[in-house]
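Below are the structure tokens for one structure; questions will follow.
The first chain written gets the first letter, and so on, giving A, B, C and D; residue counts start at 1 in each chain.
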Amino acid sequence: MTKPRGMFDDALLMARKDLQLERRAKIGLGQVLPFAILVLLLFAFALDPDRGVLKQATPGLFWVTVLFSAVLTLQRSFGLESEDGILEALRLTGMSPAGIYLGKVTALTLELLLLEAVLAVGVAVLYDTHFIGIPLLLVIAFTATLGIAGAGAVYGALAARLRSRETLLPLLLLPLLAPVLIAATRGCEVSLQREAMSGWPWAALLGIFALVYLTLGSFLFRPLLEDA
Amino acid sequence: MSALVHLRSAVALIGRFPALAGVDLDVYPGEILLLQGPNGAGKTTLLGVCAGLIGLTSGQAVVLGEDLTANPRAVRRRVGLLGHDSFLYQDLSVVENLDFWSRAAAATVQDGRAALERLGVSSRLFDLPVYSLSAGQRRRVSFAAMICRRPELWLLDEPHAGLDSSGRDLVDGLMAEASASGATVLFASHELDRAEHIAHRSVTISGGVIIADSPRATELGSEP
Amino acid sequence: MTETLCIVGAWVVTFGSVGSYAAVVILRGRRLSQTVPPEQRRWM
Amino acid sequence: MTSTKIESSSAAAPAPIGTGSRGTKVLGATALFFLVLAVAYGLFISPADSQLGNTVRIIYMHVPTVMAAYVAFLITALSSAMYLWKRTEFWDLLGSSGAEIGVLFFAVTIVDGALWGKVTWGVFWRWEPRLTTSAVLLIMYIGYLAVRAIPADPKTRATRCAIIGLVAVVNIPIVHKAVDWWRGLHQGKTVLGTIHPDMGGTQLFAMYSALIAGLLVCAWLFVHRFRAGFLAERASELGLDQALEERRLESSPAAPSSRGARDDLGGPQT
């Protein structure tokens, strides 16, 4: 009756289910993405677009927008796991906690990457950004997103069961992601030839961040599901 | 016959509130045990404890031969819990839910479909999202998600609630069938006439303790 | 002028915050120890 | 469970009121001694620094507090890991004491740093790497305390806090690195928070007595905070015993066989 299932089977199952949910409910596509584009517009209102401030600050604004959208995506992603007794049901299945974690991270990473792709088109059109140094940009986007999803899933799951989760998650998560914001922003600036330094150390730092939190999250998800 | 569920002085807290205040309970293999008591008596908490979801603050709990405080995970995958919550993703369709939950519990997709059929869920509902189902239909889908994993211990929290009369009969039939095939059923209910008819034995819980244990001399002895 | 003010300020802030935190902790301990039976609060 | 009735055993020595003991008194007195030394040398006896002038006197406060904060956070991290392994109340209480004390010292550090900046740069805040890092870490640990303050049963709360304690501490070196590189692009390292080599004898003495005083105060606070947390747990357990009694009494007035309140929706089975 119980054929052996590995951690990666569980991860795949979870990720598939999350993407299925997104396809059905379209919260990311229908709500988070428009919000992110709205933020791009708000930045233009706040920072005079004619004086070049906007153009200079584009990488930073891009990643700040991604962070805020990530918080919303995480709220949604773990909100639906804590409704209707789903967390209890997941514990009853005997799925591996690390598998659940990696599945959530995979789905989150894919969703956020898609959001970033659309936002990139957004800044290209609205802020007149010319993309150069594409390989570095892609590596930075991927590692940064993996880090955001990896750290975010731990705190998303932790906050999901608390009544004050809407206010608590940003407070917990955003300071944790400060190095991601710094590294991704600087890395993108370098890539867009705004600074004369090589951007690969930033990509490496992002990679280390992602690796550290993916490892930690895989271990911490068991106590998180069991007792938190 | 050794007990399948064995609780001694079980104390369980919900937050800081002692929902169970020292429960002694034995449930024997193959038994259908009715758990009755007023609202807030601790029925739901007791089922949660037996499922390995709620840890004990003090006391002893052995379920399916496993010590719950030491190894709750071994118990969880062998029990089926039908709770107040639906345990379903509202935005996914009925089959998507069943596919996910059956595979998550290491059963096959076919098990899930068979369970839906067994619960009388019409195939025209299969592709509807769960939120659009009526309460009774949703209950049947939850039930299907529970039995598709073939649990050894059924923990049912008011299994008749929200169901029409054919649904109630169906639930009774499923419980009898489970008991006949060797599974054990522990269910909480307020519908005592119906419940006492199907149950082999009933216990009453109130104020977080068992206050009455009334064996029904039936085909299945409750004590060795 | 600013210099003296800032230097004195730094010391006052440090001693003031740590001191008032210590006071809060001590008072809290005293208040709590009245509700807890003596055999549970024999420190090493 | 029921052994927590108050019973004053007159034979044994009376238990202390509060969280003090002989040990903490000795510790506190030693800390006080070094504090007096630090004040005397740091504010009055030692001369102004050759490079920093009188602002070095802020550094005498800044360095001990930041050291104490890091020690506290490292203890929190260690306790978090130990809690997840051993699951004992000791590590939970130690970890939460560390977070609270660390936040206190870090907040003081940042205020001191800003005051130093006001004298040195003319502005309270410049994006100096150490100050920036401290600000980020401070908010991270305020999050820990926010979760700690949410009412929950002790085990749940302890697990949540242990997870945050671990997640936060591995971020410290990453934040350091990121902020250093980031600021490294714009300006050279500042001397804030460093003991530079050409400090004179009385200056070093002032610095080290302040440092020792800071760490001793930190240790003294730890003991008291830990004991206060321990007392709070015992006090809430007393509440639990009472709650259990009340809970059991709920069932006694109603006769067990009374079935007046049943709410069967379906008809009797035929």
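Going forward, a residue touches a chain if its C-beta (ideal position, glycine included) is under 8 Å from a C-beta of that chain, and two chains touch if they have at least 3 such contacts.
On a predicted model such as this, the values are computed, not experimentally measured, just so you know.
Among the remaining chains, the Cα-based centre furthest from that of chain B is the centre of C.
Chain centres here are Cα means. That of chain B falls 52 Å from that of chain C. Chain A and chain D have CA centres that are 30 Å apart. If you average the Cα atoms of chain A and of chain B, the two centres end up 38 Å apart. Chain B and chain D have centres, each the mean of its CA atoms, that are 44 Å apart. Listed for chain D are residues 155, each touching two or more other chains. Touching two or more other chains at once are residues 55 of chain B. By the document's touch criterion, interfaces exist between A-B, A-D, B-D, C-D. Chain B makes touch with chain D in their complex at residues 11, 13, 15-19, 21-22, 38, 41, 55, 57-58, 160, 165, 168, 172, 190-194, 197-198, 204, 206-209, 211-212.
Listing the residues of chain C that touch chain D in their complex gives 2-4, 6-7, 9-11, 13-14, 17-18, 21-22, 25-26, 28-30, 32-44. Interface residues of chain D, counted against chain A in their complex, comprise 84, 136-137, 139-140, 142-143, 146-147, 150, 155-156, 159-160, 162-164, 166-168, 170-171, 174-175, 177-179, 181-182, 185. Those residues of chain A that touch chain B in the complex are listed here as 1-3, 5, 10, 13, 17, 20-21, 24-25, 80, 83-86, 88-95, 226-227.
Those residues of chain D that touch chain C in the shared complex are 4-9, 14-21, 23-24, 39, 42-43, 53-55, 57-58, 61-62, 65, 101, 104-105, 107-108, 111-112, 115-116, 118-119, 217, 220-221, 224-225, 227-228, 230-232, 234-235, 238.
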